[in-house]
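In structure tokens below, several structures.
Both complexes shown next keep chain A, but they swap its partner, so chain B is in the first and chain C is in the second.
Let's turn to the complex of A and B:
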């Protein structure tokens, strides 16, 4: 029983990432009707926001400490981050320690800005073009973003540790009398993802802006005829989707050290998630994201891999193929979206 | 040969280019500063034609029917594995290897095509992507366990001394060969003044095969079957209303293009008897798409051009380092020179993919017809220079009977 719950928990963090990326993809697809192959790159950009902030905060100046010497007898050079110099070692140290959560603050405006520029500068010109062209141009953009990051940050994964307070493992099964050791940060990530998903849904459901966007998703032309500038709102939604992907990336760093091709790795799977969930269905994307994450975690157990070798590598694709062939619209797909 | 005049000309031009490649691609003397732009060495020339074959095949599917497969590299990989297995089991003769790689890739594409083609549009792309990624994962890890080692995992499949090679005889070379003619040998090395030209057995085998399959592709484009495929692209609904089932046609196109990819995989393995899983990864599939689009999807010569273009610049660009750049900009004042090197540096050497990505975006945005369309536009510019504006006699579609082409997925 413990093992069963543990597998579910293990699937949650990956599932959260899938769900967040798939949510963004679906938002873009549902509003603008564009298939965005660069969405994985946005996820990666988010992760590198955290890397950048961490590096910025750790910029340090050197001072010579006369009281200590190194092993050669020279005065010891001590590196002190500027932040510690400004705020004192206590506060400065904890600012550096909390770099990853803090980068959320810069990631939100940055990612929304990137999304805005991307939509206005590139995607806008592709509304009337076939889906194949949209795929191709965003695929090109993904390559460009990826290579730019590679140029500045190198090809190796970069460690982005979580704050010390959130390091370590906690037994979250204790209230139920179960033995469930689970890393705190993964728990944080899951709750964070749930928060964002809840935020996006309530934004769409309970605000006037969200209502108009939903109306636009249902019938763009009519909303336009009512005198509402739907394009501007959709552009904002693109920014929002980029922000969601970026935040997913920011917080994912401590789970998996970011590297330049992490976006592509997630993108392929996220597309599969979107298709399984049903193109254009937001709850479908979230549901399928968590479901496939958990399924993948179950497939990685020793029992599963000894029964069917390699099942953990292919399970998601296998499920996607089966779903597409038996329920062509995906789990929760609506009628009339992307049909032949 | 059943071709009209312009197609015949095209085929002859391609044949001259392919067979004369060792001359044409080596325009600079060996010891000149420009020698780094020479592409006439066997390894690169082989890749030109092999990836040309791959792109021709991909174009039969994407260019004619509009189905965008994002998993075409799977067939390339399967073809390579099949060929290396033939080397391991029979002998280093490339003929059975190439034959088997085509057959195996064909069978594999029947399977994938039958399932994937039940959906179209983006769903088709994702299904093929899923299949290819699945094949990659299987080849990379699962099919290389000690009990059943089909792919040799990360190391890649290669021929070892202990392999059976039941038809291997004394006197036959220990490298891939065609009835004793080793693929890696050169049958002629010409030195004329400062120039050197290498004529490689393997390259000529690939080139001849490329010409044959290029001819087949022309015939296919001009055949009633090709016309049906175009009909699938332009309006599948209309095809359904006329009582025709497009499925068998698209499936046939998928299989043909899978076999082309298998052939390319077999040839790759014949030139260098090694097959690895990374050939099947989705980035490899993406590269095939890039080649075809860059050259011009739906045109005959486009994919070959695109393949050559990408492979050429991949090789040349990656060789350019800062020293070379400093030489280029040496004529400028010092500060200016450093600045130019600084600007250009990210785009060359290891940054080649960045250049490729930007180029690809520009092509998709401004030149959806690829290099071929670019060439046509330039040609039109010259042709129309003498004429007045407005009297260009280009084809104007009749709006009633040739409505604007729509993608065959609902918007």
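Let's turn to the complex of A and C:
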């Protein structure tokens, strides 16, 4: 029973990342009609915001320790972060320790800016082009972005640990008498994802801006005829989608160390999530994200892999095939979409 | 007037004799040069086939640095590095057989197809007479096969699968790096000392040739101690999040987790295992332990704090204090500003060993070079006395058992050597079942052309 609940938690955790990326993809597809294959790269850029802040906070001055030697036998250069020099080891150390949560503050404006520049500088020229062109150009952009990151940060994964206070495990099953030790940061990630998803839905549901965007998603032309500059709002939504992907990446770093390729690892899966959820359906993307996360988690159990070898690698695609065959518009897609 | 006594038979005889006479030198000449890319001018070209893009690009970059350093030393530049400590003294800094060493590079991308294509291009277009490099066993086996067909020598880089010099061994291929069997043989006694002989091990294994052979080797070595292998779960190479593989470990009754992963897989699976609190767990009345059989300093850096106290094995480490290691670390460190990795070390040594074999054979012909390498015993290259065994072209030398350092002094000081396992303890028969058994064969050496 404990293992069952653990896999549910793992699934929700995996699903959090899928749902956040798929939410952004759906926002862009639903508003601008663009198939954005660079969305995984935005997730990766978010993670590297945390890496960058961690490195900036760790910038150090060197002092020579004559009592120790380096690998060449020269006196050892001891590095001390400037923040520790300025604020003392305790406060300075804490600031570095909290680098990942702090990087949210720089990731939000940075990622919205990246989204804005992407949309205005490149994507808008492809609105009236076929989806194949959009896929090619955004995929190309994704490769460029990941190569830029690799040039500056290398190919190996880079640790971005969570704050010490959020390290370790917590037994969340204790009230029920279960042994459900789960990593604290993974719980934080799940709650963070729920918060972001709730925030985006609230923004769209309860603000005038959101109402206009939803109206534009339903009928862009009519909204335009009412004298509303829907394009400007949609550009903002692109920035918002980039921000959501970026935040998903920032917080994902402590779960798996970021590397330049992490965006590609999530991209295809996230597209499958969007298709299963229903192209353009925001609740569908979220539902499918969590659902496929849980399915993937159970498919990786020993029982599943011994019963059907390789099921862990194909389960998501298997579900996608079944959904496309039986309900082409996806679980919560609008009638008519992808059903022609 | 002279009478010309011409007969039909006489003309035929004379023509045949003249033809044979004219053909004779050509026959000998073509035989003497029946070698792929035999260097005719004042230079000889080596092909360095390393991952310059893809997940092992950092290791590839370090390999390339080592190759450049080796070329510099072979051509008489720098401080000579290991040329000064190498037991064979035929290399004098004037290139190879008096020919200046040049090189071309290829990008394996850590993909077998791409690696074969780049090796083929270096052989056919750039005239490379030897191919070396790689950071993956899948790639090494693929390129080794290509070199065998093309008739050039392949000096493998970082490849740890038993198959490279086991069932997939080739007459033109040579491996200096150690293998999965050796890791198991070296680790087992240390694991017994540290964790006892009554343990239940759970293996997570990368689903490809290297993972399979390493898992088989480690399981055999630990079972011989008395350990029980509770489960072995194959994980796709493309896996990034191992949480769903880690969760079942918690309820399996296992008290040791063996991660047969390398590179990004190892970093992520170890990080996930630590996240789930495995290292703080107590199972069967014992502390839960994690073992990473193949360690790399570059990967240890990626794993950060999680590597502390974790036991594994490695081919070489920059902190070794023998003269060869010190000379190499000095050359490399002064040129690049940081110590070399084990990948850099094996690639540097392989280049020098090839040059030495050519010089001793006084020939670039792959079969002559192979004969010079077979059974060659040497020292001064950082691993103590080493034998290039003739039967399978595998180097036999001491193996290092290492542990993640608890209090590192610097960003490079991540591993400490726990034990140097003598070569005799990791030596096995050439027809060992894990290495293809009696059916495994080097085949015929191929000079190409």
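What to note about this one:
Simple rule for what comes next: the second predicted complex is superposed on the first by the 320 of 340 C-alpha atoms of A that agree within 3 Å, B and C clash if a C-alpha of one lies under 4 Å from a C-alpha of the other, contacts with A are read in each partner's own complex, and residues count from 1 in each chain.
Rule of thumb we're sticking to: contacts are C-beta pairs under 8 Å (C-beta built on N, C-alpha and C of every residue); 3 or more make two chains touch, one makes a residue touch a chain.
It should be emphasised that the depicted structure is a prediction, and the values quoted were computed from it without experimental measurement.
When the two structures are aligned on the shared chain, A:32 is found in touch with neither chain B nor chain C. Of the two partner chains placed around the shared chain by superposition, neither chain B nor chain C is touched by A:323. Judged by the touch definition given at the top, the superposed model places A:237 against neither chain B nor chain C. When the shared chain is aligned, no partner comes close enough to touch A:273: not chain B, not chain C.
Of the two partner chains placed around the shared chain by superposition, chain C is the only one that A:256 touches, whereas chain B remains out of contact. When the two structures are aligned on the shared chain, A:288 is found in touch with neither chain B nor chain C.
Looking at the shared chain after the overlay, A:313 reaches both chain B and chain C. Residues 313 of chain A touch chain B in one complex and chain C in the other.
Chain contact summary for the complex, chain C toward chain A: residues 53-58, 231, 233-234, 236, 238, 240-241, 243-245, 247-248, 250-252, 264, 267-268, 271-272, 275-277, 280, 298-299, 301-306, 318-319, 329-330, 333-334, 338-339, 409-410, 412-413. Residues 33, 35, 122, 125, 129-133, 135-137, 139-144, 146-148, 151, 264, 268, 271-272, 275, 279, 309-310, 313-314, 317-318, 320-321, 324-325, 328, 336, 338-340 of chain A are the ones that touch chain B when the two sit in their complex. Only residues 66, 68, 115, 118-123, 125-127, 129-131, 133-134, 137-138, 140-143, 145, 236, 282-283, 286, 289, 293, 346, 351, 353-354, 356-358, 360-361, 364-365, 368, 407-411 of chain B touch chain A when the two sit together in their complex. For chain A in complex with chain C, the residues that touch the partner chain are 2-3, 6-7, 10-11, 13-14, 68, 70-72, 76, 150, 154-159, 161, 168-169, 181-183, 185-186, 255-257, 259, 261-262, 265, 296-298, 300-302, 305, 312-313.
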